[in-house]
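Multiple structures are listed underneath, in structure tokens.
Below are two complexes that have chain A in common, paired first with chain B and then with chain C.
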Partner chain A sequence: MTTTKTSSPVSAAPRGRRIQFGRFRDLTLVPVIVVLLIAGSFVDPIFLTPGNLTNVLQQQSALALVVLAEALILIAGKFDLSLESTVGMAPAVGVMLVIPVAAGGFGLELPGILAIPLCLLVGGLVGAFNGFLIMRFQLSAFIVTLAMMIVVHGLQLGLTQGKSLFELPESFLYLGSATWLGLPAAIWIVGALFTVAIVALGYFRVGRSLYAIGGNADAARAVGVRVERVVWAVFVIGGIVAALAGVLETGRLGGISANQGVGWIFMAFAAAVIGGVSMDGGKGTILGALTGVLVIGLVENILTLKGVPGEWKQLVYGSIILVALMISRLAGGKAQD
Partner chain B sequence: MTSSVKAVEALGITKRFGPTTALNGAEIAITEGETHALIGRNGAGKSTLVSILTGLQRPDEGEVRFAGEPAPPPADRDAWRQRVACVYQKSTIIPTLSVAENLFLNRQTERGRINWRTLRTRARQLLEQYGVDVDAETMAGDLGVEQRQLLEIARALSFGARFIILDEPTAQLDGPAIQRLFDRMRSLREQGVTMMFISHHLEEVYEICQSVSVFRDARHIVTASVGDLPHDRLVDAMTGEATAAYEYRTRTPGTSAPVVLSARALSLAGRYENVDLTVQAGEIVGLAGSGSSGKVGLAETLVGLHRADTGTVTVNGTEVRQGDVPSALRAGLGFVPQDRHHQGFVPLLSIAENATIPIAHKLGRFGAVSPARRRERGARMIEQLDIKTTGPDQPVADLSGGNAQKVVLARALADDPRALVVINPTAGVDVKAKHSLLGAVEDAADRGAGAVLVSDELDDLRICDRILVMFHGRIVKDVPRGWTDSELVAAMEGIDH
Partner chain C sequence: MKIGPAATGATLLALALTLSACGSSESTGTGAAQPAGEAGATGGKVGIDFPRADSDFWNSFSKYVPQMATELGVDLMPPTNSQNDVAKLVANTQALSGQGAKVIVMAPQDTGAIASTLQSLESKNIPVVTVDTRPDKGKVYMVVRADNKAYGTKACEFLGEKLGGKGKVVQLMGALSSINGRDRAEAFGACMKEKFPQITVFNEPTEWEGTKAASMLQTRLEQHPDIKGVYMHAGGVHLAPTIQVLKAKNLIAPPEDPKHVFVISNDGIPQEFEAIRKGEIDATLSQPADLYAKYALFYAKAAAEGKTFQPGPTDHDSTIIQLPNGLEDQLPAPLVTKENVDDQALWGNQVK
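After this line comes the complex of A and B, so read on.
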């Protein structure tokens, strides 16, 4: 990327091209979404109804939060595979601290209202531990979070003895199941968090510093960015957001299965990357990641409406992600990192 | 010159990294308004001094003073930046961000929301103030090396510092770009900016600097005004011994010597057009020209890194498949690439392994490689090229630039090639390493190889028997030995035909 040795004349900047394609780069998936909407309407007349589209958004809300968390971490030039395990483990531990032993709890029976704060705290702690190992201990983010993915999921299996939790406090289910102003609360929450992230990364110094760190950590350090602290904070935020994703998913389904979140991380990566977030860091936007989630959600919905047998879904799913990648590559024009 | 106030002073600086002492009681003092050169061989402690003067590292002992005042505490980056600006050897431009944002990195706004419109306006003003003709909205990654460097200079100065360190700014620029940089440095000096200039090119020191400090083996050796320190004494101070200037050998390649490397009617759109070239055994042919002349593209086509649109390349009598490096190597070609860090070596592998990659098949049977024979070959190469190392097992990543380049050259010579293509072999290496690298190329020619040498250095080109000058993708002149600098430069700039 930075190996251009021959220098071009000083005035080589393309003055004439006043339209900056840069700002549209995160919207390269919009044509894909339009195609999917058109294709979907042919597949089933139900597809384009507000009810169905709301349904798509609600189903994707938890995944969307994991994508948000992963996008933040990727932009800062790091990696977190353990998010998917946090989606299951954090709610399970949060809930087990408040429910009675008979329902599968620890027997502490803390006030039910604390379940969600405890869940988010657990998520934040996982993120903090990842950050500690990666930033302080200087371990590779990939391996650390791969191990943590197994550890965190193993912790859930061990504590719950592999059982699902069904008797949950009402307050814990509320966010994932309530309806505000005619739309599921989960959609409002996801919308609000994405808005906050888009504004923070687009218009605030601390948000921009993620790009600087992901693009060139030494350069960021040289201009006074506290690289370690910022990246650590991003891991903590990522953990908390993943825990919140777990809360929404639990509320939507009414229980915590032993496999909640398992396998999500690949979808999260796929969504972030087809949305234009670079695996090398420093590139991509939160809005782009959101369009990636939408593509994944629409594809899943169309496959369900079309009645594609479960056994074939994975194949179609994977192929469509590849096609989306190729389309966004062609529309974006640049080689993917 | 105008006053004797010291813009910056470092006194008794000692810095150790584990067992190695990077600086040992070193000192430097730069008079305000002066352009001061800092020179020394690789490993002399220049880079460490730069990071101490810019506050990125604290010295173990000693102190730094700016205009007579003690340096700010290490955590106060803003205070440092107001006193000293630095254009580092390694780019600190972030390619995925716009020019405007790069200029105001981590200070896009005082507090609160970033107003992108204001930021762009401020960026345009800054670019205009320093005469940098770049669009503020372009992605920094789309800029060329020269533009990025101007961006770094403008950014560095925009903090208000009146002292700027330029760490090997000319290493990646071609002739005209270097001249533009020097023009800029002169006008900065007229505005009263003090500069510390680091370069391996002594002629640049004489051209742009008023005074010079030489470092060697982690110590300060001498500081003098450039007029008091002629070229050979400067080299002596750097090497610590009287080093004779490189002695160029003469060869008389017979007209009957076989042609070992040739190109016929070679064209590649946008790089070069209709190039014919023949190199005889025992001959060194130079390729000279500006950065946009197409000389590197042509050389890379000869070795198979590019596929030409039309034309043929013949190595040692065999027409090679274009765009196919293995085919060129099989035909008997050795190659030193332009950028050793990217194309030259595998940093974590040992010297012996790096140097023997092309001959690995000869070091064992059935695809196996005998480590003992590899070490033995490695040891021989280390001796032949005078590589400074702890042994053939040392990873190349641990070597200094000059010694790493020797490993790359050793690899090119490993199979005793009949044809040799060498691109910028002496970029970023010190005087002594330069001499042994050029010597090794001449040795190869004496052994009967034909070589193409691409270089931006007039000094390197002096080993050539003739020089083909390229201009805008065409060979415009065939210069025999005995040229003068001005003659060659004029041809490279396309001034005479």
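After this line comes the complex of A and C, so read on.
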């Protein structure tokens, strides 16, 4: 997390055998996913049907985007807890700028088509402000974003007066509820963004530089990476992606409740870390983070199908995540951090 | 990707603007509550703590409080808010009693952890009225809440009759750590077992979260496409996700259509009434936010004046029952369907 770290032996541009190792680390959760698929098919015959698996992907699409944003920030060696609050606040503010006062809006009544761009803009602004405090003010990312998590959620509560927003423009709900070519649009969007991120971090200089910065910021600076600028951009992108997660979630649920997104950050960290992304920066891949999301989604789905009693569900859920961590540790063969 | 000082300035400006906008709305809020407190003054000062700021039901309740205080002539202190945190509630209660409250109205969401606070208030001779929840231990002057067991039973009877006593229903439960969620779930389950044993009930622990409700309902409908009924414990959080899932499955149809899924909700907020009018859901149980506010303050005032009450029927269609640690006024909770959804007496039709 600190910018002055000097230890981590991570490379800006791995070659030869290192690439092999990186690939392997991506796939440590694959055995877990296989076990879950087999277990699930025993739990209920409906589990392996395309309909159910599509549902799992759709249900996890918003969380997947938060995990994507968090993974980018973690790889760059920083931290962002405020993403979960952006998931609720950005859509709420975007929508309130376009809906009439009677429905809970500000009364500006801008054209409905602007709601999504405004929402993404708000997310980007939160990210930019985080980046400003962390990179320019040199504050600790953990504390800054912890405070921002409270501030951003508080802003939503204050502006909406704690009310849920129900009357939303149709265009705002579209992305989260439409179907393209037989699959929910949300799945296509998430798939496309993950592909872009995997390619960018794998093959482009700016993307590769995230690993350099996360591994050793001073070394990265010494070889000419504009560390401040890149990390700041990552925070802005993270904010925008979290806002988009909010749009997808809103479309799926048909309304914005006052606590949308609250508590997600723990799931996002769990998914990123079991997927092999290091909390210390510089390690892990976007593909790995995606497998983490899939594990969490499959576990939730199996628990629901099985009808695990409510009072035991959290215990079972937490335990399965621990077991997944252990399996990925054994499969990966290297100490986790 | 140049982010220069100009962009920084713009970010700060935007944040400052939003913050100041937020601040101004808050100050008008307390400003509105203030005159209500000064209006009438009989008995003693009444302190009130709101349990949370992020729920539709409680926000309606907190809007009714200053209004009812004026009507009843209660000397209300500026309200505090404990944000669903029992530690904050304890601190707020101490502050209120320090500021000279003679009676305290609260809605402890954690009904166990409030016991020692109630004991210390009792030793200071400050009577406590609780709203919506019943403390497990510690003296209370009066508990004002709807009969949550009756909610569960009424929902069960409604669905049981509509389904003709057989089929599959889903219960979207609230948090099991709350007495209201538990009461509703237990009464619903017990009634189904007793009166409609051929109906299969799927219990979904949603923790009052819309996102969990949507995922669980969607998964369950995939597993059992012949589900014909849904009972939602809280309209505020479950309504929009449920309608969205049913829409996506193309299951919103008139009651005569065999595809129709019967949905009964709980709370009675305006959006549920709107959904009943549109035919998206069939019924709701109205949890009277206005009566909660009115009778909480009514009993607070009575406590300040030193009045006492006995168990038995009251003059407002409810019954007072004896608890080990005090009394409870169980307010009626009407069933709202398409027939009576436009009744102006329902609180959901009065909020704007």
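Everything that follows uses one rule, which is that the second predicted complex is superposed on the first by the 315 of 337 C-alpha atoms of A that agree within 3 Å, B and C clash if a C-alpha of one lies under 4 Å from a C-alpha of the other, contacts with A are read in each partner's own complex, and residues count from 1 in each chain.
In this section, contacts are C-beta pairs under 8 Å (C-beta built on N, C-alpha and C of every residue); 3 or more make two chains touch, one makes a residue touch a chain.
As the structure is a computational prediction, the values presented were derived from the model and not from experiment.
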Which superposed partner A:Ser171 touches (first chain B, second chain C, both, neither): neither
First, second, both or neither for A:Gly215, with chain B first and chain C second: first
Touched partner set for A:Gly307, first chain B, second chain C, both or neither: second
First, second, both or neither for A:Asn52, with chain B first and chain C second: second
Touched partner set for A:Ser41, first chain B, second chain C, both or neither: neither
First (chain B), second (chain C), both or neither touched by A:Val223: first
Residue numbers on chain B that touch chain A, as the complex places them: 56, 77-78, 81, 88, 90-98, 101, 105-109, 112-114, 116, 132-135, 137-139, 141, 143-147, 150, 172-174, 177, 180, 291-292, 296, 338-339, 342
Chain C residues touching chain A - in the complex, by the definition given at the top: 1-3, 7-8, 11-12, 14-15, 18-19, 21-22, 25-26, 52-56, 58-59, 173, 176, 202-205, 209-211, 214-216, 218-220, 222-223, 236-237, 239-241, 243-244, 247-248, 271
Contact footprint of chain B on chain A as seen in their complex: 1-15, 20, 22, 199, 202-205, 208-209, 211-212, 214-216, 218-220, 222-225, 278, 282-283
List of chain A residues in touch with chain C within their complex: 44, 46, 49, 51-52, 55, 58-59, 62, 93, 125, 128-129, 131-132, 136, 155, 157-159, 161-164, 166, 177, 229, 232-233, 236, 249, 252-255, 257-260, 300-301, 304-305, 307, 309-311, 313
